[in-house]
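The structure that follows is given in the form of structure tokens.
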Amino acid sequence: MGMLNHPLDPGPTSAIERGPWHYGADYITVYFRGEQKSLKALVPRPFEVGDGLCMAYVCEIVSVSGSDPELVVSRPDRTLYFEAAVGVKCGFRGRQGVFFPVMWVTTEWSLLRGLLNGYQKRLADRISMTKLHPLNPGLKEVARGSRYGGFCVKGPGETLSLEVTVERQGVPSDLPSFGATFGMRRFPRTDDSQGSVGEPVEMVKSNSRVTDVWLGSGSLRTELDVGRIEPLSGAIYRSGFTISGSKALK
Amino acid sequence: MGMLNHPLDPGPTSAIERGPWHYGADYITVYFRGEQKSLKALVPRPFEVGDGLCMAYVCEIVSVSGSDPELVVSRPDRTLYFEAAVGVKCGFRGRQGVFFPVMWVTTEWSLLRGLLNGYQKRLADRISMTKLHPLNPGLKEVARGSRYGGFCVKGPGETLSLEVTVERQGVPSDLPSFGATFGMRRFPRTDDSQGSVGEPVEMVKSNSRVTDVWLGSGSLRTELDVGRIEPLSGAIYRSGFTISGSKALK
Amino acid sequence: MGMLNHPLDPGPTSAIERGPWHYGADYITVYFRGEQKSLKALVPRPFEVGDGLCMAYVCEIVSVSGSDPELVVSRPDRTLYFEAAVGVKCGFRGRQGVFFPVMWVTTEWSLLRGLLNGYQKRLADRISMTKLHPLNPGLKEVARGSRYGGFCVKGPGETLSLEVTVERQGVPSDLPSFGATFGMRRFPRTDDSQGSVGEPVEMVKSNSRVTDVWLGSGSLRTELDVGRIEPLSGAIYRSGFTISGSKALK
Amino acid sequence: MGMLNHPLDPGPTSAIERGPWHYGADYITVYFRGEQKSLKALVPRPFEVGDGLCMAYVCEIVSVSGSDPELVVSRPDRTLYFEAAVGVKCGFRGRQGVFFPVMWVTTEWSLLRGLLNGYQKRLADRISMTKLHPLNPGLKEVARGSRYGGFCVKGPGETLSLEVTVERQGVPSDLPSFGATFGMRRFPRTDDSQGSVGEPVEMVKSNSRVTDVWLGSGSLRTELDVGRIEPLSGAIYRSGFTISGSKALK
């Protein structure tokens, strides 16, 4: 390394590359209803919890920066991670969206990049999820009845585990819509002399595409207190998108 | 756990499930020529090193036991691993095959299952390899000029790293053929009073299929002393097969 | 690497160095009584479960081979590991000892070395345990009331967790005595043509020393089915010993 | 979790506990001289590189928050980590100190706590270092000639490795003095609408104690470009201190 970037200052020697950041992900998702009282303790102001609709997922992500997509070759460890998250439908001044109280990820760079953009990311010890392979003689292709599972471990136990049973093929519009993706950028003081940041944000997302949708039922467990869980449905799908940063919500 | 299997005694509470074991894998492979003198120090008798042809690969594997394929759902961590290996073409009584002096893997169960069948497996700290995603807006599909890379780390450094540049689509028969897969089952004594095993074997493999072949050039580095490396070609492909055990070669 | 050892064939390029193997370990141990019916399913013949006395511990181990103790400098990762285990008091032809149905360890080499000697080892994803530091301004030295805890995680959850509260300083003879250390060497067939090993053993242990004993109460949880757990006592201590191999019990 | 803290907002459900934070650490340190031109690219303004004196270390740390020291029992994984770092002597308005261009650590919480205070921390994949054990029959106590080593791995290779050979026992004042500990708090924008932080800081450190000092010679390798390395001396020692936050330097 020559001139050294601060770990949070996007650049070639930072933990975070310069945006925009491109994503391709395979999801196992469960939609559920939580309890408003519990959800309110998970979602900071100014976001307002909606009708209790939530989502939980585990996914595997291939992510590259527009500034250096060749890392998929030279440093594949900087382009692959797993993520597990719980999202709560909420609103901000009449605008609908989803706020993720926690997103667990498996790499440093996705952790820090997420925090810089306003995702409340934490580092997982392990995330594992069902992967099928078309040439494995002991496995079948996805079909009615196929099951998918995943879990996230941090410290002594699971933070999230979920399972989806596929019932039928679907289209992207079959998936519940949450609207915008909200977040919270925070960098608090550890001394009165310091500066700080604390601002609600909305992610600046583009290029969204969803394919390979399969729908069914789902179930989940999580250490996050979302109140009593009423599972609504489950889905698996692939998704791609670009994030260029996040916009402060005044 | 109720009745407890010994970790090496295949069964539901063992590190190893009962066979047959089914595999589906995505490979990045480099074919090369090593030096006979060096290769001879890597291949035990009764196997005889051939003309110096070798292969090195990194791959991601989805593996299930015929006795419990549902682990892909309930324990995906017991069905997914990465493998990096170096193989040397050799012969046994006129029969051609490949012997792998080392195979690094990322999970306990693939390590122990492999040792039981006669693969000289070691545990990697990390294996990472190029993965593309069709929906990632910053990545292109495989095509002429696409590059793939991978590396394996154990302890303080890399044990193997390789890179392949794709030149054209191919068919399975374009890949160099090595013949049988040889191995060495060993369980030595730590005291004269003990029993031991030491026998050359051939893997009992079936259901082999290969798809998605792309051919090109390749390069590699490895801590394994194979002599001077003359890269011959590179390839990416997917493969599926079943291993039911290994047969002792008398 | 030049001439390559098989991973299980002790030597400089193997996963296992040549014995004898020396150990220095810091233990957090809980003594408890389990239920005979459950314990019998965990202990293979010819060992006979005793009165239900068991032990569970987590420990950090510094281990070197007599053939290359300098690895503590050049490869410290090959000399340090954590271990968590459950041991059951049992007898063999009137000789008292302890059999460990499971020992979880954090490194490849302790896993394979243990299996070769006859310990039923498994790989842990993580073992963590209380460590105090005399210069940490926020911690106190061990004293009456000090508490110690530890846990072992494998896959989605804890396999073992325990806690000890110290009541008084003790001496080595205050610790319950279990006698010999028994084990089971197994290397089963995956095909009828193969050789196999299956023999009960006793570890050949010497140079045993115990210091820094503190005694008190303890509690534990484990996924291993030992029946209802009746905690008897807890202890922390340091121990050193040498293992040169294991002797087959005919 | 009930009311949820943002990962960077110190509190019981955050990645960071409330300060002050207490540390007890065992160090292997090499003092060396680097080249000014290289060092200047590693140290941001307003800090001014001194005469080229630098330090590099690996250490194991027991760290607790004043708000919940009992985590050493219930969550030991939240109180233990390894750290590897390179520090450069520099000045700020006539005040002497050390700035660490990079500190690699092995846990999320030490990573994020450090970033919040102004340390340029990165996550290591592995840090390993010599540890002796007084009861290990194959090891000797520290003495003239004892050697200690350590390394840090991130991605495909070592970021730092070092070795110290002990020549004599010393006292804390034998260790080169660097003065204050400087840092840089940064939380940049990913969009013009956002707030940001960028300020040089000095750590607020107290309760410093050093014991068990042994002095000798040392050597190191690092991926960090510090220019040609001229090793000056090596040391091992234990240290304890408290950090309550960091003070912005105006």
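By written order: A, B, C and D. Residues from 1 in each chain.
By our rule, contacts are C-beta pairs under 8 Å (C-beta built on N, C-alpha and C of every residue); 3 or more make two chains touch, one makes a residue touch a chain.
Values in this document were obtained by computation on a predicted structure and should not be read as measured data.
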{"item": "Repeat of the C-D interface, chosen from A-B, A-C or B-D (over half of contact pairs identical by residue number)", "value": "A-B"}
{"item": "Interface residue identity across copies subunit A, subunit B - same or different by half", "value": "same"}
{"item": "Farthest-lying chain, centroid of Cα atoms versus that of subunit B", "value": "D"}
{"item": "Centroid distance [mean C-alpha coordinates] between subunit D and subunit B, Å", "value": "40"}
{"item": "Averaged-CA centre spacing for the pair subunit D and subunit A, given as whole angstrom", "value": "31"}
{"item": "Sequence positions of subunit D contacting 2 or more other chains", "value": "77, 126, 151, 155-156"}
{"item": "For the subunit B and subunit A complex, residues of the former touching the latter", "value": "20, 22-26, 62-66, 69-70, 72-77, 79-80, 126, 128-139, 147-151, 163, 207, 209, 211, 238-242"}
{"item": "Touch list for subunit A against partner subunit D, complex", "value": "1-4, 6-10, 15, 19, 41-42, 44, 75, 77-78, 101-102, 108, 111-112, 115-117, 120-123, 155-156, 184-191, 193-199, 201, 204, 223-225, 244-248, 250"}
{"item": "Subunit D - residues contacting subunit B, complex", "value": "125-126, 151, 153, 155-158, 161"}
